[in-house]
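Some structures to go through are shown next.
One chain, chain A, appears in both complexes that follow, with chain B as partner in the first and chain C in the second.
Let's turn to the complex of A and B:
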């Protein structure tokens, strides 16, 4: 696809660059001014000489814009920040700066009732960020040929990057480590945000910065590096994740992080079922529930009718095995049929699981689960004499209960990632993808469709059960209402599915990112609480129309969802009638 | 109360309700191969449309006048919602991979439920729906609630009208042709888009009739009533053979009977004494679905295993 390289606002190149750079510099500087007169607005933006709260975000955006603008000038030593040589990245960065700055100004005006509450510093920041944006709009950016009427639709197709300079591999490894350290810092900042305004600003900025870095070519470079040094990159990612509890002083956010990990791990398990094998499972959270209940029953909780206390490894195996048994029981009759039947049977199973757990309370059924009250007081785990419920001093940092569970959960996550990666790239994984694409053709190639689908379904159930065993201990209590189809708070089946789809089907990082976002957004933006599910539903509908392949798209899925953008001869229309819903 | 004829009658009445909602699933599925997950919510919206009409009428209006007006309002609201959903949510996704419209349907179902929950006055809890006053009457030893008379009349009437429409009218035959082969139907000059809209609209209208019957029967409507009923109705559609309108009604009746009998008799089976009663009826309905899928996956009246993918 051809692209045009023209500015949106016709400005001479030199002037546009200069305006952008000056605007970016002024934006950066304005973050150090006082923006408002009272400390009533959270984050204390009243101090001159030191940025606070949302000003840090403006500062970040300003600096990034400045660096990219200087790279656009070709300043030696900064050219590496824009390997693509395109100014699209710069435009996104300037957009991000303007968006986050004006978001702050509007938030101040709304929170404190009126623009009169702004100090001159706030106005300077607003004007400076707009100046940078106007300058960036005057730069020659690659635009989508069809998008000229809107003016802002940037080119989707990425030009191939120029070949990278050969670096010594130690430097490359160092770069990966630095990148993951920055990533850890950025995510920690997001989890630690204390008020809704800061989190919203953070999300806005994060979106623009990621777009800017990928257009400037830095993220694709980094991706190339991680592919080259995959074991080191994976190790660095997990080391960064393991570093999180050490940055925390209280249990407040580690509990959030532990729950994010549980949610993300289950989403990754669901991704095997939905993303790889293409089976729509609408009751997946029930498998988490089966694992959690199984673990709770053998945990030695005084409310459990089975008075045994399994060691942790045995409890884990019990939970995983119980989930797998249910997976096979549900899957075996349904997987012989078309996929739609599976959707409805799993949805039914999810509901029935909850109803059954409610009924096994001694009055309407055998006394096993205590009904709606659930199984409370699940004791903390003890692994090799290490009690996860107590505080421990490690490397000078005190790790609380949730930090311990976070680290334990990280091991489970690593295991699930390993399973996903190994199975996904194996003969089995390729067979799943073949079945997903066209079951009839796959069977003609000698793939046993039913057996492999059942394997995917059972494996997915088993991994969810595994995560469930840890979840039971993290949350002290298991109740039936934790495992519903759609609820305002994750994990539930609808949110799990959304995490997979939002993040990107068939990828590892997609569901992890999607789950993190879906967990944090409702948690941080409490003003949304009454309309959370509504917003969630609308997001699902819009997402399916705009970007059905998710945020982190699998290359194959991307091609499949955007068939219309591929030149006609690549996919004859007669073929699509066979694989699609038709009509 | 625990006599067999009574349990059978209860089961059949409940089953007719399932059958009416199942028609909507089966028609849409038969034509576009889409499980319209939002159909349960369209049922729910129809109930609230009828309730709105009732509240708008002056107090003390005779139910003889009120019920037809409520029915009309319910049908209007649910049909509009269903046609709007088809036009703006499903139609743009035709030709997209199978998962995309399914997920849209889930999103739509959440949106409809939340819209009613958040914005309909006092819909956070169940709202009171009028009942037909008077004592239940007895017929050949079977006690029938007066409110169920509506359903007993409406369900067969609806089925007769639908049967006539599909078999005799031009549009109905076009619908049959489209469900058999949409591409060829298009070549024969059938406006398949119009047929699809029609399928959504008919399904929604039937769901609204069912919603009024549900409201009269239980004396309340609430924003979450579509979830379980939608699930049951889809089960009924699968049970009867999906794509077959008579199958949907038959499946509904079979499901209703199963529930009625399970509620009444399961506890008399040795060893199952704790699994009877109303608390477990949904579980038994689900077990029936699994068993049918194992034994006769094409459903009671289905002729072929639907496999067009």
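Let's turn to the complex of A and C:
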């Protein structure tokens, strides 16, 4: 693989390092200055001596750059932060610092009308972050040789890391726990951001920090650790997720978090259908709807024509079963189709579901769903005497309604993760992937394609229905308009598919991460109003350009999309000629 | 891998395994396979040759249920095979493809494990619950798959992605994957296409080794040396019709074979871009 290790701006190594370190230090310090004179800009950046709002992001970036710069110097005790020994991570960190600082400066200028609103502190921050960046550009970084691509594009090859120092198991586990605690803090920060500027800055910084940490080798190290201690890592991840409501003082963001979980769980269910079995389902949200409607009908809501109130477990089973039946009914005739046809038919069925729910209103059809008004006033769940609608004091923290539902949903998510992981790695899962890869060959291997596709469809539907039963209670009301193909807010079929593809097809964490982002971005960027979908589209294009395999690449997809980066093996002779000559 | 080197015909040629009666396949006006009958006996290696476009692959597709023959029946061990690929494999007839059709983004080992599909039963619930039965079956499948990789000489590449294998090894993997379904009859469609002489030689040894496992083989090839080294019997297909069948001498000395290959104008002899299966 041809990469070279050269600076982008020719500087002597010593000077480059010094400039980077000084710039990083100055950036860090500048976060404590006043950047603007008025508190009109959200977050109050007028205080000297204490960072506020976006300054925290600059501070984080500055510190990370400083630490990586010192590691690059080889300062003992900090070298562990850069196991790869490459300065690419440092460059990304410096980039992140400059990006988030200049984003803030521009945001101030736009919000307050003019750069005149910047205090000297703001200028110092801007200059310092650029100094760090220039210094980092002078460091020898691994990149594609000149001429093959534009100067800055860093090489994608991940050289194997030097073997890690052997740590005692307990220390490794502790590291995992600390990492997940930091992760929880970072995600909580993102969910809790109160204004669009801060969230945008957060996203920018998060992107660069993740890139920096993976190039420095820290994230790959962590990944290796989590693979080594998988059960503990999974446990820590769920413990961190369960910890979220305990960090909250009001229900404002726990409701967001509960809805993220619902969306993410449904996306994971869709990943079975799309990511594993390769069936493009454009009407998947209908299964969520079936589950929600089924649960609403048996919830004891006064608007439900069936005046029964199932206990929660029975309602869940009803929702999941109803969804599964619906899945089989749709799947049985359509799964004989291949490729594009299936996409079109599922798209149609998704719409049919919504329209049918609209029409079962007593005038255009039997009175079951109340039409467009939906089924309102769905009572809160009560599980073993624990009413999820009320506040409870747990471990000294008062958990409100949405916190309760969040925790309940987390259990459902855990169940779906378990199903996905276990089925994906089994005879059935392999058959699905085989069908996705080449259905004809799969059938020639003795796989009953139709039956397995139907199984994937039914399982996916069933899991979405399960999530739907919780959703009905979380949102009090189910209406047909919650289940459309596309609109500006999730969940809808288009966003679900985007979550799977952006996150990473065939992986577990991919759709979870993708769904979280796709839920938060439109929610937090409501100030963009009319341009929201445009911004969303641009984000999608950028992401697909940078990481076609999704944010979390599955081992296979990574190989698939970055073929050129893999040490090439002998390629088939005259393949094109051969593939043409019939089977 | 194997020690068999002699081209001696198998001594234990047994009862008929595959019995094809009057198979005809028409695509609209084109008769790609015309009233072909053929038997393959236990322990036999039978060759199928013919110019490009003669209908060999189409004939294979009729046997394996990829195409439903317009006329005729295919029976295996006395039972008529239903025209469904997975049922044919289940019955014990496995195949490879002329244009390699591996599961490119699965590992080599996973490809072979997929081949075990019909011989294992673990379903959805078993996979979710992961009882001891599941682990036992999974371990057994793995064991068997690794044996087959050992047998075909791919053991060292078990964790590689199939698509990254060199061409010759991809062909071997197709064979390993087909063998994973414990077939009684293996259909090979041009197993040495695109191979160099050394690789062809190794493929020859592999075919003998498979026969020694008690698996009968029906093989399509253009490489005459390969065919006549290997096969107990060879059938020649020209323009959809079987014109001769017999041992090396019979086939080599047959007038019609010579004209079909060397002289007479056959417009199909040059057509190269048919895509037999993609039409299904």
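Keep in mind that, in the parts below, the second predicted complex is superposed on the first by the 542 of 583 C-alpha atoms of A that agree within 3 Å, B and C clash if a C-alpha of one lies under 4 Å from a C-alpha of the other, contacts with A are read in each partner's own complex, and residues count from 1 in each chain.
We adopt the following convention: contacts are C-beta pairs under 8 Å (C-beta built on N, C-alpha and C of every residue); 3 or more make two chains touch, one makes a residue touch a chain.
This is a predicted model, so every value here is computed, not measured.
> Please indicate which partner A:441 is in contact with in the superposed arrangement: first for chain B, second for chain C, both, or neither.
In the superposition, A:441 touches chain C alone.
> Does the superposition put A:238 against chain B (first), chain C (second), both, or neither?
neither
> Looking at the overlay, what does A:32 touch: chain B (first), chain C (second), both, or neither?
Neither partner.
> Comparing chain B against chain C, which has contacts with more of the residues in chain A?
With both complexes superposed on chain A, more residues of chain A are touched by B.
> Just checking: does A:345 make contact with chain B only, chain C only, both, or neither of them? Give me first, second, both or neither.
After superposition on chain A, A:345 lies in contact with chain B alone.
> Could you say whether A:419 touches chain B, chain C, both of them, or neither, answering first, second, both or neither?
Touch partner of A:419: chain C, not chain B.
> According to the stated criteria, A:427 is in contact with first (chain B), second (chain C), both, or neither; which is it?
second
> So in the superposed three-chain picture, is A:189 touching just chain B, just chain C, both, or none of them (first/second/both/neither)?
neither
> Just which bits of chain A does chain B share with chain C as contact spots?
On chain A, the residues that contact chain B in one structure and chain C in the other are 560, 577, 579-583.
> Can you check the complex and tell me which residues of chain B touch chain A?
29, 31-35, 89, 92-104, 106-111, 113-115, 118, 178, 182-183, 192, 196, 227-228, 231, 234-235, 238, 274-275, 277, 279-280, 282-283, 286, 289-290, 293-294, 297, 305-309
> For the complex, which residues does chain C have touching chain A?
52, 57, 60-61, 64, 66, 84-86, 89-90, 94-95, 97-106, 110, 113-120, 122-124, 126-128, 130, 134, 137-138, 141, 161, 163-167, 170, 177-178, 180-181, 189, 193-194, 272-278, 280
> Taking the touch rule as given, give the residues of chain A at its contact with chain B in the complex, in rising order.
Residues in contact with chain B: 274, 278, 280, 282, 330, 333-334, 336-341, 343-345, 347-349, 351-352, 355-356, 358-359, 364-366, 439, 485-486, 494, 497, 501, 505, 530-531, 533-534, 536-541, 544-545, 548, 560-561, 576-577, 579-583.
> Write out the stretch or stretches of chain A touching chain C in their complex.
The touching residues are 418-419, 422-423, 426-431, 433-434, 437-438, 440-449, 455, 459, 556-557, 559-560, 566, 569-575, 577-583.
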